[in-house]
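The two complexes that follow have chain A in common; it is paired with chain B in the first and with chain C in the second.
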Partner chain A sequence: MTTPKGISAQVFADGLAEMRSAVGADWVFTSQEDLHTYRDFYSVLWDEPDERVASAAVAPASVEEVQAVVRAANARGIPVYPISTGRNLGYGGAAPVYSGSVVIDLKRMNRIIDVDEGNASCLVEPGVSYFDMYRHLQETGSKLWLDVPDPGWGSMVGNALDSGGGYTAAPYRGHFEAQCGIEAVLGDGELFRTGMGALPGSETWQQYKMGIGPSLDGLFRQSSLGVVTKMGFWLFPQPEAYLSASIDLQRFEDVEPLVDLFNELEYGNIFNGMPSITSPVLTRGNPMMFQPVPEPEVMNRMVEETGLPAWRATAGFYGPEKVIRAQWEYMRDRFSAQFQNVTFKENQFVKLPLSAEDMQKVSKARFGVPSLEIFSVGSNGFGDFNPSDGHIWFSAIIPRTGKGLVEANRVMRRECARLGIPLFMFSPAVTCWTRSFVLFAAVPVYKDGRNKELRDNVQEIIRICAQHGWGEYRCPPAFQDAVMDSYSFNNNILRRVNERIKDALDPNGIISAGRYGVWPKHLRGGRG
Partner chain B sequence: MSIGRIAWLAVLPVIAGAGLVAVSWAQPAASPRIVPADLPGRQVFERQCAPCHGAGPGDDGAPMLPGTAVLARKYDGSKPGALELRTDLDAEVLRYFVRNGSGGMPMFRKSELTDAQVDAVAAYLAATAAQSDQVPIRK
Partner chain C sequence: MITGLDMDRRNLLKWSAIVPLAAAAPYTALAAVPQGVDALVIDRRHWPAGTPTPLAGLAAPQLFTIDGDVTQLWYQTLDPIWRKPGFVLGGVTGSDALFVLEVLAGDRGRRVTQRRVLDPVVAGLQPVSWIIAPHHPSVKG
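Moving on to the complex of A and B:
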């Protein structure tokens, strides 16, 4: 049996025995065959000596069992790494950040504790997947929607804790922002609740996030401070209708006023669906690959020669038909008043709930319907698809301006080309958050030893982005130290404060060592 | 451009965990008739496997779901793409793929699918294939 570094075989065996007595022998896994299923299938370290692997896994079914497992680990200094459903592929999967950790697999904690139709909220355990919740809402005749990522097989809790996002209306797309109330087991086994959950007898845990004093929900986002065992979310009352509509503009120079006006309209609640700004002329042939933005005169000439617009802004609207049609009309008026040669297109209008026929024609995630159909990416003739064994994401926050969009595109495309990074998807500026742009690049990973160069190159891209003030909001474990390093204001005070909190709340440093670059004291020197 | 393709543009950037596999849609000559067997494994299959390996069409107009499509391409007519039409997936074979993954599909843990559930799915697939129309096998 592999033991965690610094833990004797005897101590480890004692710890596992205590965990077995808590959760039952069937739910403690130590065989290589079982531990293989806890590897990150898309790891950039696959089969290399530094691959992050578990020494054991334990699957509790209740809060009390989680507490018992954590206490058993804390008493012996055994590192543990909680996962919810383990489906965070591209960002780490079910594998721990610190090799040798015992994975606490929360998949069996799959209870939907409450759905409050009037409050449009729910309270769930970490093993509840988006599919589980969708099925529950359908079976109970609920009029509530959930907001889903794509694919939808992950955990509502796990996705939110890693800052995942979805595709419906603005208040629900940022999944951590849509949470309301967290329960977590701390490093010493104590049970903690945020917000109104701290007030016994409160009926408002899923209504008011803050409670009293400093708001501590953020302690558990991308965190190493606790094992989250319950989480509340706000759900979206099913709207009457959905409209998707686009605005096309013809000149390079339109991009800055376009983004400014689009921002004003979104921030002013004129539209509430997910915005997208792309360039038909620069994505022709392959909508998955936003080509480098050329100089203005070159791009304008391309527009003339191809007849394709320079820019396309797409907005979504959820609400009563009368309202969203009026909102779209107002948007058209505003763009017509400000731009020449602007054209408009209504892409899609559907009444809700979706009919069976509509369900076959829409992107399900836009309607809160979980799906795995995104697995077919690359199959639709989008051009330079690069077959691989998996992928990772590079996801940098860039300025939400036209200038920022163009500069980030040019720098990233130039540097990825220089380094030979084989992108198979490079996004236009899209975001699930209302106040930011994210530049997404998908990078293929392999299981045949090609990943070393990839890792070096991604590290270089992280450094280059940081020089421009662009930082990743989420990344695979292999890059979490580098990304945290790039948030370097005042001699990395962000990481240092996180370390102080870590030392205070988890003095034995057992929970999720190294997650997002925060290591416990005893591992800090060598960074794990 | 279809609505589905427009949707991809904005859908793609926020995905995490999509197994990206190189497939092109293999158009079935005729849709086979799947008659689901009334066995406990049916619910497990429908919940755990069918979102990718079911026989339904995709929401972007593709005629098959991704797992079904990639298998159809892999076997190029020598075996059905839909698992519910396969007669060669006994429990041992199924368990191998479930526990080891394949291509872009990751492995599944026992906390997600117990061995007994995998066995139940195998029994369901065998019974369903036996009572469903079979895709002609190309020799």
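Moving on to the complex of A and C:
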């Protein structure tokens, strides 16, 4: 059995014994075989000495058991790393950021505590997966939708805490934006609630996020400050219909006014589905690979030669049929008034709930239906994607302007080509969140020793992006220090304040050490 | 990773129908179909297009087919079964489908207890013959 650095075998054994008596011997795991399941199967450090691995795992089934586990760890300075379902593939999997931590696996805490149909909200434990919630909503005949990421096997809590996102309407698809109320066990074992949850007897925990005073929910996003044991979410009242429609424009020069108008319409609530801007002429070979944007005259010539549009903006509309058709008509009017040579297309219209037939045809995540089909898309021709080899996501926030989109595309494509970073997905202009664009790139990882070069190259890309003012919103553990470093305003005050909060709330530094570049005092010097 | 599995406790005869099938199959993967399991998953992608599927000949009470995506099989069938003790599942699927099933099985205290990588890789698809069996005391039959 490996022990966490700086903890003697005796102290560690003692700590595990106390954890065993809290959760039962069957739910503390120390064998290599068991711990293998807590490795990050997409790790860029796979099988290397620095791979982040757990020293043990413990699976409590209640808040009280979590408190007991945290107290046992805190008394001895044993590092712990809470996960919900641990499916964070591409961003770290189930493995701890600080090697040797004891993973607190919360999968057994899988109770759906409440679904409030009138308030369109729920309160769940961390082990509740998207599939669990979907099943519950189906079985109870609920008229509420949840919003899901591409793989449905993750948890509402874990995904939201890492700032994950999905594909339905704007207030729901940013999962941390859709949270309303958090309960967490702090480093000393105390139980804490945010918002109206702090007011005993309140019935408004899932209605009003902020409560009184500074809003503290953010303390638990991508953080190392607590073990979240309950979380509330707003759910989407099932709309009557869905429409996906797109607008095609023919000239390179259209991109800036296109994004401006698109923004105005989305921010003015003319459409509420996920926006995307792509280029049919630059994604000819593979819709998942946005090729480098060439000079204007070259792109315009490509458009003429191929007959394919330069730009395509796609919007989704959720709502009553009458309303969304009127919204789409208004959108067409606005684009027709501003652009020459604009063409419109209705891609898909479906009445909801989905019929069994429609269910087979649609992209399920747009309808809040969890699925795992993403793991077989590689074999269906969407790029060279093998789930067992894996990949990491590079996810930078870029300006939501035409200029920003083009520049991010050019810089990223040029630098990735220069460094020889093989991409199998590159999409520069989508977002799960309100008012942002994210540049998503999927980079394959290896199990055969090529990862060192890959890591160096990704670090370089992080640095180049930061020089342009583009920062990653989420990243795998191997890059979290570098990304946190890049948020360097005022001598990295962001990290320094995070460290002060860490020291105050978790003075022994036991929880999720190093997560997103925030290390406890005793590990700060060498950064873990 | 690989632990022993007590195959004798299962009724091998249940799968005797597979044996003649294996000889006739257009794809060698079928020859590696695991035996002595409670149910079998076959990934249809491993049959060349246009080949009549030999599965019709299998009168197995529990034969599941997928086309790479395990979602429906897992959600409708395996998840409820895997919440209860027991149940040994075998399969010949792509390595991508096995990856997903293996992770899901882990959630319910189950492990891949046998894994045999098969030839040939067709269109990037690596066929694997495997068995997933209960491992954690909470689901050991």
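We take it that the second predicted complex is superposed on the first by the 518 of 528 C-alpha atoms of A that agree within 3 Å, B and C clash if a C-alpha of one lies under 4 Å from a C-alpha of the other, contacts with A are read in each partner's own complex, and residues count from 1 in each chain.
We adopt the following convention: a contact is a pair of C-beta atoms (placed from the backbone, for glycine too) under 8 Å apart; a residue touches a chain by one contact, two chains touch by 3 or more.
Model, not experiment: these values are computed from the prediction.
In the model built by aligning both structures on chain A, chain B clashes with chain C. In the superposed model, A:372 lies in contact with both chain B and chain C.
Touch criterion met: A:425 reaches chain B, while chain C stays clear of it.
By the touch criterion defined above, A:31 lies against neither chain B nor chain C after alignment on the C-alpha atoms of chain A.
In the superposition on chain A, A:490 makes contact with neither chain B nor chain C. Residue contacts after overlaying the shared chain place A:360 against chain B, while chain C stays out of touching range. Annotation for chain A, partner touching more residues between chain B and chain C: B. By the touch criterion stated above, A:131 is placed in contact with chain B and with chain C alike.
Shared interface residues of chain A (contacting chain B in one complex, chain C in the other): 33, 36-37, 41, 85, 87, 107, 131, 135, 152-153, 370-373, 375-376, 378-380, 387-388. Within the complex formed with chain A, the residues of chain C that make contact are 1, 3, 45, 67-71, 74-75, 79, 94-100, 103-104, 106-107, 111, 123-125, 136-138. By the touch rule above, chain A contacts chain C in their complex via residues 26, 33, 36-37, 41, 85, 87, 107, 131, 135, 152-153, 370-373, 375-376, 378-380, 384, 386-388. Interface residues of chain B, counted against chain A in their complex, comprise 3-25, 47, 51-52, 57-62, 65-67, 69, 99-101, 103-104, 106-112. Residues 27, 29, 33-34, 36-39, 41-42, 57, 59, 85-91, 93-94, 105, 107-108, 131, 135, 149-154, 159, 164-167, 244, 246, 274, 276, 278, 283, 287-288, 314, 347-348, 359-366, 370-381, 385, 387-391, 393, 424-425, 427-428, 430, 432, 438, 440, 442, 444 of chain A touch chain B in their complex.
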